[in-house]
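A, B, C, D, E, F, G and H are the chain letters, set down in written order, and residue numbers restart from 1 in every chain.
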Amino acid sequence: MTVRLMQGNEAVGWGAIAAGCKFFAGYPITPSTEIAEMLSRELPKVGGKFIQMEDEIASLAACIGASVGGLKSLTATSGPGFSLMQEHIGYAAMTEIPVVIVDVQRLGPSTGQPTSASQGDVMQSRWGTHGDHPMIVLSPVSVRQSFDLTVKAFNFSEKYRTPVILLTDEVIGHMREKIELPDFDSVERVERIATDVPPEWYKPYGDSLSDVPPMANFGEGYRYHITALFHDVLGYPTTRLDEIDPWIERVHRKIERNLNDIILVEEDLSENDKTVVVTYGASARSARHAVKLARQRRTKVGMVTLLTLWPFAEDEISRVAKTAKRIIVPEMNLGQIALEVERVAGRNKVVRVNRANGEMVTPQMILEAIEDR
Amino acid sequence: MATKNHDNRMEIRLAGEGGQGMILAGIILAEAAAIYDNKNATQTQSYGPEARGGASKAEVVIAQGEIDHPEVIIADVLVAMSQEACDKYAGNLKKDGLLIVDQERVGRVPSSRAIKVPITRLAQESSGKSITANVVALGVLVGLTDVVSRQAIIQAVAARAPKGTEEMNKAALSAGFAAADLVGKKRPHKA
Amino acid sequence: MSEASKVEQPVLEVKTTAKKGPRGQVTIFANWCKGCGICVAFCPTGVLALDDDDHPVVVYPEKCTGCHWCDTHCPDLAIIVKKVEL
Amino acid sequence: MPTQAEHTEYMYLRPTKKFPNVWCAGCGIGIVMGALIRAIDRIGLEKDDVALVSGIGCTGRMPVYMDFNTMHTTHGRALAFATGLKIARPTMKVITIMGDGDAIAIGGNHFIHAARRNIGITAIVVNNSIYGMTGGQYSPTTPIGAKAATAPYGNIEPPMPICELAKAAGATFVARSTVYHAVELDRFIEQAIRKNGFSLVEAVSYCPTTFGRMNKLGSTVDMMRQLKENSVSASAAEKLSPEERETKIVRGVVHDIEKPEYTQLYEELIQRVQAAQAPKPAQA
Amino acid sequence: MPTQAEHTEYMYLRPTKKFPNVWCAGCGIGIVMGALIRAIDRIGLEKDDVALVSGIGCTGRMPVYMDFNTMHTTHGRALAFATGLKIARPTMKVITIMGDGDAIAIGGNHFIHAARRNIGITAIVVNNSIYGMTGGQYSPTTPIGAKAATAPYGNIEPPMPICELAKAAGATFVARSTVYHAVELDRFIEQAIRKNGFSLVEAVSYCPTTFGRMNKLGSTVDMMRQLKENSVSASAAEKLSPEERETKIVRGVVHDIEKPEYTQLYEELIQRVQAAQAPKPAQA
Amino acid sequence: MTVRLMQGNEAVGWGAIAAGCKFFAGYPITPSTEIAEMLSRELPKVGGKFIQMEDEIASLAACIGASVGGLKSLTATSGPGFSLMQEHIGYAAMTEIPVVIVDVQRLGPSTGQPTSASQGDVMQSRWGTHGDHPMIVLSPVSVRQSFDLTVKAFNFSEKYRTPVILLTDEVIGHMREKIELPDFDSVERVERIATDVPPEWYKPYGDSLSDVPPMANFGEGYRYHITALFHDVLGYPTTRLDEIDPWIERVHRKIERNLNDIILVEEDLSENDKTVVVTYGASARSARHAVKLARQRRTKVGMVTLLTLWPFAEDEISRVAKTAKRIIVPEMNLGQIALEVERVAGRNKVVRVNRANGEMVTPQMILEAIEDR
Amino acid sequence: MSEASKVEQPVLEVKTTAKKGPRGQVTIFANWCKGCGICVAFCPTGVLALDDDDHPVVVYPEKCTGCHWCDTHCPDLAIIVKKVEL
Amino acid sequence: MATKNHDNRMEIRLAGEGGQGMILAGIILAEAAAIYDNKNATQTQSYGPEARGGASKAEVVIAQGEIDHPEVIIADVLVAMSQEACDKYAGNLKKDGLLIVDQERVGRVPSSRAIKVPITRLAQESSGKSITANVVALGVLVGLTDVVSRQAIIQAVAARAPKGTEEMNKAALSAGFAAADLVGKKRPHKA
């Protein structure tokens, strides 16, 4: 493919197409709408389907329904719509139906400032719905990564039968950058695990050697039941503790046992960095800038970029914390991932650099934190 | 902040009113750099406070190497197409930065070194349409700074020109180049 | 599948003036029955009655016209009526 | 003696899901289930080609018993889930099963928009005029004056006319019957499923456990009798005065028109787009 | 020369909120604002007794300019907020200002339930057939075949008839006009505000910036002209064939009935309950 | 008043009445419905108003609307409904409108197990809506506290112009306990601060000596604008950083400067407790039981019961962590408040005791953790 | 406040056969006007025209009938028409 | 777990089928303790797996002092009104705990020490209505254990009895007391 200048949001759309997405349901909202707009144009070309639903609740519902029907499905939204989607994020987690949700973060709370950027939904992406369940959340740093991580999001969602959130932001979503899209046929695509037993034997929620049971699509001969009540291996409602406990354990295990696969970080560390910047999303751009400047000034500083925000890179940050004396966490919010860094690395080591007014954290702010010993 | 920029980083801000096409100009400039000059470029933008109209601003960062922070930190070049834009952004220009203003729309300039070009009038004269002012502005900017090559901006403008407007836009760009040549090369000092 | 069908107002085939002998054979599955009494109350020919335990039993099998009221209305699918060809 | 296995309805029940069902003795929801099965059986659909999608409520518990592709979603959203499923599988018969609260209270917006789009889904609303599952709070179909757990002094909100709402929003087939009229009900459901477009059947039912008890309406049998006595067929209704008609449940097909179905229009759109994209054949 | 301060409309603008307004040149929303002010002025309401509640969208930006109690809520929920406010202040004239997306897409459920309850709120829907604020995606009122930012191949979904929906759901006053017919519009708004019950005015407008541009409908002036030419009064509409009528915007009062208003019924309920509670006076 | 046996949910209802609540809008959901039912009966008696809305989104919206109209307002829900309310929780925070939201936690995720108990919404109550804003969340341990903390919730919400969440659970909500309700006239009631300037001078979002500007009710002569866009002191939308930043700062300050007032904890500590149980809600009942048993066995163990979950009792737990070697955190979830305890006290000190299947953590489980040194 | 008012179909008072002299005095507030041109296009008597800058100006004040079309339709409340009593 | 209970904690579980009124019985028992005996009491409950019908269970904890954990940890007394309830909960009874079953509904008991009383039959006989079985059960329970005083349970039952059923319920309670007296006092051993 040729070199192009492209917005992050558009790259998400192409990532979806490359991953095999065939369904998009959404409701327009700034600053995510370009994703819907490009897919309304591109999906029919590949035989996919686009629908604008009556609201965000219905949008995610339709995506889950389409996924059950066998189509890889995407929705995209921003803060207010993301809040409305919380109930169905939990539904997808509970019923283990693959679906990808993009949240292009804008300045909140509430209506806030629709055209301004933010990283204010980091904690919400993990904890926004009621009850306990694991969640995979990816966050791109560039337009190219918007493409790559969208593909990853689909792959994780199919591989682990789980909703996956792509948490991007207004800066990355609206920014134009040079990108050379790969040949889509060369992109690694994970398809959901099909069952190989006859219908009478099929257990939609169990009986698999791995923690991820094969998923049959509706209409393909495997008639089964889906419910977000606690259910047994056949999918039927249950109140038996000996059926509830294994479900909870398995659903956590399927993520926890695969942290190596799921947790994506970029480390730019040298052996005894006393100062390390832990960063993600748009702020990582400023952080890189600051780190390069600091290094030009011969300040030793390391950097860890989290591409997977959740599950949190506990091991990686623990490791960094062993040698680092100061960990700088710049965020376009009032300190969210910093909470986890503090938890894992110790509160006294963490230096928060926050800006929550819609503007990017500047390299200067981070540089000052790096050099302020 | 100090701008010991990596890799010849150039920061350009194009500002004006909604409807003047400054964001499109930013996109074209970034495309010239990224696609035709094979450099790296990022383009960002912001809208005015209200839904429609009001101020509008595009930022383009161009560099040989990777671009980290994608927004203008302190501009090397500011193109101001309205008084409001000039007032608002002139303060965020490097000491030796280049300020280009549309002579007829910007009365007060903060420094005598500002380059005044009757951009909108040149658009009208060269292409018959004042809406090509953004392309004239690109011509002036590139003509004066070489942030991208003339060849690249010519290709980029051509690629973006809607069918039937190619000639018009080409004329506007040339008018910009000509105006720049007249002013004389005056590149901002690079660190 | 999409052809429009006409609106038919169904007519229940209830003929209480029973011909000789039963025309339906009723079976009640006690394990599914919850004893709501609907079948008993509405059987047009009084085939059924509630026992002491409030469960329906077939008391006049010969009166059954096979009208299917009871099995069509049992909320628990606990009755089967078989038409008996005379 | 016949065995249960010979029962038509039984053929469509899940062998792996145990009866008796969750509903209270005599609850009308089970009668609607029987009617639905008979309708599907008469049409002769393959089980694999049928999906039942429900929301939360006593009514929402219906699909689990039946041997189709079944999905119990969230409260009020069955039609939104069903919309995605139908688009993914346009040839599937997608049927939503909803309570009155599910369909019209929290789910009202999805209801009117599914109708507007005329997407080929059949909606069955079991209207017992109450939130059964949560214990008898008033619903948007509770009659004025009726008592409910949250209307201890009598309800003051006018009920929503479900069928008229669907019609105004764009449904192409709309019918109403009651669980007393189970045979009529299965005919209407059959017609609805056969319809190529959004179709609605309102099945008027009752809830002896909550609404019946709070309004002293007697036993299940009494409530069945009330359905019989308080309802009239559409043709009979015409002969009544408007005031009399107001007090009656009017049974019948309310609306039946032809209009292009959504998923078919979308398939056409895809063909149109793909045709425009295809490289033009060289001129002969 | 007259000053702006002498302008009737001006008397109702906030002295502290600067004009010009946010809307694009020629946008019809401003015309509706003028009509609303004239209606309120004619009725002679005290500013303190009027609340304007809007959702999110270009239309939702209207209240901020006007010197009443004004509340810009969330997208789609204006009527739900307004319901609480009206119950808290039954004597206040609560008016909601919503776009078509706001009122009928995400807000459709609150719309039908406010209508059903017949709560004394006036709903003004500025129907420009598009999501203006987010840049021209299709809305539930976009005509079939029209292009939109998310319907690049033309919209395939039938539009929702807003007035008919409100009527079916239970509204007691329903009328439709256009921004070209600004005088008629203010008369309808006046009638709606005077109504003691849920009242709706659909103000058909246009969005030159998005819908107009994408569908090549010309300038603002051209779009105004189209409203003039494509609409007929209710009485004129009766003389058209059904097919002709289909293509027209029919202006007029669609529905106007009397029914008890919700907050009054609730006040009566309170009196009833409190009377029953009050210690009985000793017998004389 | 007389001694009665009462459910926690009912006590919440009486607490609302005692606090001066005059409006309830809600949508039924197990296990919260008793609150709605009792208020539908009791509110009209005191001239208050009850309405059942079409969903939970509308319910909270109506409460906010009624609050703007001058009525103290309450809604009550559980997990699925709480997820749906998230957008409007942010709205109330952004517009600084007092309102109280009760979440009677049930087992999630999603539909989960409606009649089972849980503490699964602890993080959601803090982070469920998009964007950054502070949040006050109270959690009762008994029926009596259900009454008391409901009153507190109303008082905080009026005093600080903020939504307040009462996070209770199925155990406390449905449990019947002996309670003697106080005379309602003796209950401390905080009313919203009325403005004392003439209407032309009124600034709904600023110009007050305290961080909480006076709030005028609609219809009382102060006509102003409310929006959840970032707004200036008059309430008009703004995109100016010099107006956004002060708003963010003030809204955080109004909570942060008053932590002494807001953070309610019960400490049962002796000087050198090496083991301390940090607990809240239903689990606190089991914890107390276990602590008493342990003390009977002469095991030294302290206990801190958090009545205010958010803002988190950082100082109190820091203080405890200074001497304690082990901090035991029992929860009916997979570890939520434990994250904060870990962050503040250090990860290595914290022993989590979790149960997320709808059953209470047993005293035995906690006792084992206490005694397992 | 709640009395129902009758539905009146308003009639625009547009009489293009102007009497002698103006019956309306038009003022345009340029600071509010966005130059949409609606007033110019629809003024029944052609009182207004657009200037070079696309802003409306009163070119034939004497033709104004005071019909109020322009100020009723200006989306920006940028025109005032005062009836002039003759 | 070891039940060195504080303050004479007594844990009672009442289990049966939906519709037998076991939850109401639990409430009445707790009210007897809390209101009329001036002790502390907590009452909790659980519903069957399905929306309606199925198993139903009430738990009551009674103590002089404060009650912390509000649920039964290991029961001092179990009243089982159905076989299913007996099977399910008999295991969670103290070694020396008291098991009371409805003789006609519970065929298999796990221990010969179980007290069998024809509770439903006594209800029918004493009050003419089998739905008073829950009150008979309370009579047997209190008669055998004194978890609350007889006076307290009499008052508590009376306070809860719907108008017109006072006598009926009183008769049922007395029948329960009488049955208990017949069995002879047999209090569970308290630690």
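One rule holds for everything that comes next: contacts are C-beta pairs under 8 Å (C-beta built on N, C-alpha and C of every residue); 3 or more make two chains touch, one makes a residue touch a chain.
Since the structure is predicted, the reported quantities are computational estimates derived from the model, not experimental observations.
Enquirer: What is the touch distance from chain E to chain G, in steps?
Expert: Counted as steps through touching chains, the separation is 1.
Enquirer: If I average the CA coordinates per chain, which chain comes out farthest from chain E?
Expert: Centre of mass proxy via C-alpha means gives H as farthest from chain E.
Enquirer: Roughly how far is chain B from chain G, centre to centre by C-alpha average, rounded to an integer in Å?
Expert: From the centre of chain B to the centre of chain G is 42 Å.
Enquirer: Give, as an integer number of Å, the spacing between the C-alpha centres of chain F and chain B.
Expert: About 53 Å separates the centre of chain B from that of chain F.
Enquirer: Could you put a whole-Å number on the gap between the CA centroids of chain A and chain D?
Expert: 37
Enquirer: If you average the Cα atoms of chain A and of chain G to get two centres, how far apart are those centres in Å?
Expert: It comes to 56 Å between the two C-alpha centres.
Enquirer: Could you tell me which residues belong to chain C and also touch two or more other chains?
Expert: none
Enquirer: Give me the residues of chain A that touch two or more other chains.
Expert: In chain A, 44, 54-55, 57, 80, 87, 91, 110-111, 227-229, 237, 239 touch at least two other chains.
Enquirer: Going by the touch rule set out above, which residues of chain H reach two or more other chains?
Expert: none
Enquirer: Which positions of chain D touch chain F when the two form their complex?
Expert: Within the complex, chain D touches chain F at residues 56, 72, 74-76, 105-106, 108, 131, 133-135, 137-138, 140, 149-153.
Enquirer: So in the complex, the part of chain E that touches chain F is made up of which residues?
Expert: 14, 16-17, 47-49, 51, 53, 63-64, 67-74, 77, 80-89, 92, 109-110, 113, 266, 269-270, 273-274, 277
Enquirer: Taking the complex as given, what residues does chain F use to touch chain A?
Expert: The contact residues of chain F facing chain A are 57, 78-80, 82-84, 86-87, 90-91, 93-95, 103, 105, 107-113, 116, 118, 120-121, 123-124, 126-133, 227-230, 239, 241, 244-245, 248, 252, 333-334, 336, 339-340, 342-344, 346-347, 356-359.
Enquirer: Using the touch definition from the top, list the residues of chain A that touch chain D in their complex.
Expert: 23, 25, 44-45, 47, 49, 51, 53-55, 57-59, 61-71, 73, 87-88, 91, 218-221, 223-229, 234, 236-237
Enquirer: Using the touch rule from the top, collect the residues of chain E that touch chain D in their complex.
Expert: Residues of chain E touching chain D: 105-109, 112-113, 116-118, 140, 153-154, 156-161, 164-165, 167-170, 259, 262, 265-266, 269, 272-273.
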